[in-house]
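Shared chain: chain A. Partners: chain B in the first complex, chain C in the second.
The block that comes next holds the complex of A and B.
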């Protein structure tokens, strides 16, 4: 039975929450109000009822703190004495409301289907009306006076309570243990008492507490309107009703009962808050470590020019609060017009590296770099990024704004960055949609993204990047969310766009086949570091890093024997922060030696245009002996 | 059952809009029918004899009989219901017992005063809640300015918990008595509108700005906002053009209930300010047991609440066709 230990743990959590500041405040307020309700009429009852014709309608004085009313009775005493009646009527109405709500809420799960539907529909209609209107309607039927008001206010709470209970029971009635109980032939009444009620108790109590605050206010409103408590009885609402006409003379007398209602209402809200926290419905606000502003080296003011590299990053890091580094100091160059692939498993930091290059790392991540240049300028201060850097994201369903027409989303780039007029920008948007081979671009530009297919959206995103004159296109898994036929189209389009615009491409992917098709050079990332940099022609047969070789081995090709098991890389990559000394891949490497666990290999040159971060790279003198054993191991498996 | 028929109807029409509008219209009609029936049933649910209750126990039996006849209470229940609905369709709401006047005349005389405070309050709630909620979200996004966030939720939470009529009393005490800027009560010049409209505005505006803040935070985390950042759009465009339409639709859906309860809130606020609108009318009618008048006002308020909900639903669907039409 899941609810039993649930109960005891709730009691435990309640005990803990009560000791928090908010719990102490709620408890103190409750005790105080209860004390006033019990002792008020006993101690001050006579004083509140004492008619004094010599002191009629007096203002505030030492004898009468809040002044006196039309019959010379002390208003302060009357406010205190009224606590008991107000609370009694409120709680009576709450009992009616909660009871009725539970009854109507549980009923659909217990009675037959048809009747259940009827009840649900009725509650649905009732909930649509404002509560106060329903309240006035009921007050008309029950007539003016305390008893009528208790019923009216209580019944007015039934529909929202019933709606909540219905929703809760509907979710529980479908659960396995209720189904099991049903199969075992547990009776309907027993089912409700043993299975449904205990499991909906917690949210119901929470709602009822907060609703009780609402009942207090509603009841006071009714009494204030003269429809609730009638003289000679009085509650806070009635006192307000009597004193409002004299607000000019003695505002305190009108404000005091109002303040009593507000404060007691807040008390119910506070109790609800404590229950909610104890129930774990609202996570206590965890002390979050604020990201340290001074982490990482400040950007160099000037970027040294060299080799005509379009993008030049040195020691690029992305740090999260707590010092966790997702990108741990990578360096890369992308030449003008070059197509570079960035590959690695998920979590290797490749997407964050790309976002860092585009200056889009989400808060609270922080980027630092010894140098981060784009076309000869510091990237973080470059105002031309909007026209010269194009981004294509993974999920085309989410990366276009659903509320705006596609043409508008393209056109604004030209308006903001190129100073185009609205008409010019729109014309260019249509032209660009045409350029990415979207049929009837004029009509399509006026549509919203939801009218586009997935492939069309991705092409629209590419067209968005073509609004300016891109020098670099960063495509982050641009085809992962698309089906295979569409993947082909998008990749072809990227290649075509690159040919026409001469832009460089940084393609992030976990799919080596995609990278091999499109790119000229491949960077392999592992655990936040670049472990190998090699021409794409070497990728299939000539990779030097064991991790790259393992990645290649994990890709099935058309020639792979379908009878063999798919190759996988054993183990999992380390989480950010898990990495200590030594090569991060050591734990999963089949060529690992002692040194790999002790020293971290740096990215070092390995022939022209090739770099690798490995002590014993495959195909070199250092790596040879183990390469042979690895080869035989592979052959026998 | 009805919903199922409507669904298949919508599917046949092949246009999601037709199905959506039909479903919403059907829901509106069912609710209106329930409202009319409830208003009719009210007079019969009252324990004892409503006419004698209204005229007093010492009333002349002949007069009671005459009144009973004029209300149609001597006829069969079915005939009374048919007459009630028939009259309603022609805009006749019966005759007030107390004022000896057609109910429709009283309502059309009082309704403008209610609308004159409800409509400005409605506009003001939007004008306050949306910018305040958005600003709070932008300032506190990604867990920044925790203290600012706490004080925002604290202040709006407190304001949202104060009942409108008590706030009205507080406003009078502050701005009409202690610091007499505005008149205490009753309708007069433009300055007499300030306090009633404020009393209606503050509480829903506080609640709605909380909703807007949460919705803004959700929208700011969406992928398309990252796209907008990738386009290096200035902050003004990112928030106003890209975030606002998206958060407005969801905020309005959640805030729809606030607007229909605003209308009901006028009842109490009007009574605090002795405002000559429908709210004071219904309370007076209930006290005087003027049942036809209560019926009439309940019908007006109820129908208005249902229409507001309907209009908000449709407006949200027009602004965000993707989620709404498919989702309901």
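The block that comes next holds the complex of A and C.
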């Protein structure tokens, strides 16, 4: 599928989900039960009511498939006929339960704070009540009979449903779009109908349908106990009641209504599953063309050692199901102790390239490479995470376990990878926290991540990387979540750590200025390809690729001319799978010529230590005729 | 054309004072940049102005008087930082913008529902939906065009849009409410630098065309310098410095400001170092 369409309409997804095995089963079961409920009483009503004193308590026979009861009525017919009443009462109870649950669940988000708290507390108390006890209590209040039972079972479902809806609503009510709606003065009713309910739909529907299955069982239970449906009416529970004492004489007669309850209950569960799948983001993907099996590509005979290259990747690719390639064959060399920046727009594949080195590409993605060497080892066979390869991620809160003390988390690295004893590991953890300039490391090691500030957490993560003897630190947007002052500290720390440990650094950032501060060499990625490789000193004025120049030109600085518009890059980068022949940047390039649309330029050498993938690089003979004086890209949009 | 004046705004969460007695004037038709480190209270101040954070004390004055919320709507609109979170994923772009149109699209409007108090008064019946629809769609299209988006995209849900496009929609929604004052809370920090330029150009053009006052919250001093007439610096909930952009950035008086300026990463640094 070269083009990934965004067809996510509910109807479309429902159609797709129904075609799965579970969808087909649920739909068939629904139709079957509905058919029985509608036609059963019409076709078999008389037969089920017919008293035949000549055939009392008979076993199964040709005339009476499941035998007869104590009045000689056909049990099979009665089970079929009871479907309608059972379903009707179940659904009525479900409507009460779901309706009440939604009402009480959504209310705290839209009523005043005090009333909201009262509702939440009440629901909390009711949930704590044992469900069966609550049900029996209500059944006693409402009295014996089907109406009372409907209310009892329905109301018993309200507290758990309300609790679930409350929790779901609370998270939605805290979201930015609800805040935006509040500023706009959107009314309560509209807030609930337009913003809250649609966004809690799937889990609520799933819960409601499963609870409906539970209601069916509970209702049958009440009838079985004689608290529900009263004769001459009968539902499955009532039939079970009548036949259970004869289970050893005529087991089929007792099992049939029980089986009906179980199977219909399962059906409700399946329906919920289908609806939740269709409504949710778990919808099955459109059938995918399986990517060409590369079987990890045959390993090269030996990873050649070229002097000094710590990381050596050749033709590195990251492929997602459907054959979409996010990284489309890049080559990468990082020398020992070198600091390399990897820049590009979001979606350019920069993070995935780095994750591929660490063997951390998320699930459906597959990594392949002609060569992937790290310090002489083949990384494909032997990932080096933990000891020689350290990772620092963007969100330090997400990369530390909030439940564990920071010291413990650091120590774990030494215990697992270096076989250190617990005491040794802890001592080293404190030492490493000290190394990243955390004051009173002994005390800090005993604290949990939430007691750290953002900058300190990022230091702790760096310290974790330093527990081993890293030869390479991969930092993926390490300062994006931090403010400028803390950013400066973390960047200084990275530079310092690099100096002391001699580790190489691969710094991924969308912020060119950050890369310029720390790195020696910059790789610019675009649409899954490296388009330029240049020393950082050339970044500001000497970039050869029009994309690099446009990117640099788009960064507002403290000297940007305020009289003119900011430079922009018109258009957007191609999505994975949208790339065809020609240079991927051609559509946005102001220096584009015919050849750019036809052939894809390879990354070729351009002077010492420089490479560029462009047919007409800026500042070269090939690039001259069009715009020898071309400066930073200035779009007029 | 309105000015925004904040008088003695204080926001407390329990014992923690997030914003402490801040006075600030955003003159009409101008842009004031609000800068500070994380935790300095700049976002909280923005939220307090639109009623999303509980004001302990202080007044928000529009044109010198305390502006009432019209049918629950704040006269100050806010554009959020993260365009991936600020648009309802289940609503089409057009519906999101339509919700902000002054007529609304017919519903119950609770008075002061934003603050969680007040009664839900039912507004009068309006023309049937079928008649209002074309006019509403035309308005939505106008606002989408205003922010440089193809009106045909009104039928899409946000997940089909890129971050920059989502931020344009969020901006269109805020403008459709015809705010007296606009607050932009880090609106480009979740965007790529290539997109950031386009969004900022758009914001500056619209601000000049429509002439609304704007409070521009950002940690990016280069962006603030480009866009703002006046800069206010917050530190620990206190307003420590405020003045014309050139004066504050070229001759900072407060150590916090000086520190912020010295920490701005610069592309040129690499050049000097070599």
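Definition applied: the second predicted complex is superposed on the first by the 332 of 637 C-alpha atoms of A that agree within 3 Å, B and C clash if a C-alpha of one lies under 4 Å from a C-alpha of the other, contacts with A are read in each partner's own complex, and residues count from 1 in each chain.
Definition applied: contacts are C-beta pairs under 8 Å (C-beta built on N, C-alpha and C of every residue); 3 or more make two chains touch, one makes a residue touch a chain.
Model, not experiment: these values are computed from the prediction.
Once the two complexes are laid over each other on the shared chain, residue contacts for A:345 go to chain C alone; chain B is not touched. By the touch criterion stated above, A:402 is placed in contact with chain B alone, chain C being left untouched. Once chain A of one complex is fitted onto chain A of the other, the partner contacts of A:580 are absent, as it touches neither chain B nor chain C.
By the touch criterion stated above, A:221 is placed in contact with chain B alone, chain C being left untouched.
Shared-chain residue A:536: touches chain C; no touch with chain B. In the superposition on chain A, A:21 makes contact with neither chain B nor chain C. Shared-chain residue A:464: touches chain B; no touch with chain C. Shared-chain residue A:140: touches chain B; no touch with chain C. The touching residues of chain A, when paired with chain B in their complex, are 117, 125, 128-133, 136-137, 139-141, 143-144, 213, 217, 220-221, 224-227, 240, 244, 247-248, 251, 254-255, 258, 261-262, 265-266, 269, 285, 288, 358, 360, 362-364, 383, 385-386, 389, 391, 393, 395, 398-404, 412-413, 416-417, 448, 450, 461, 464.
Contact residues on chain B toward chain A in their complex (touch as defined above): 1, 30-31, 34-35, 38, 42, 45-47, 53, 141-144, 146, 158, 161-163, 165-166, 169-170, 172-173, 177-178, 184, 222-224, 226-234, 237, 241-242, 245-246, 249, 260-261, 263-265, 267-268, 271-272, 282-283, 286-287, 291, 294, 298, 301-302, 305-306, 309, 319-323. Listed in rising order, the residues of chain C touching chain A in the complex are 37-38, 50-52, 69-74, 76-78, 80, 82, 85-91, 95-96, 99-100, 104, 107-110, 113-114, 116-117, 120, 148, 156-157, 159-160, 162-164, 170, 173, 177, 192-198, 200-201, 204, 219-223, 225-226, 249, 259-261, 263-271, 274. Of all the residues in chain A, the ones that touch chain C in their complex are 6, 8, 110-113, 116, 175-177, 179-191, 194-195, 198-199, 345-346, 454, 482-488, 491, 510-514, 516-517, 536-537, 539-541, 550-552, 554-558, 560, 562, 565-569, 572, 637.
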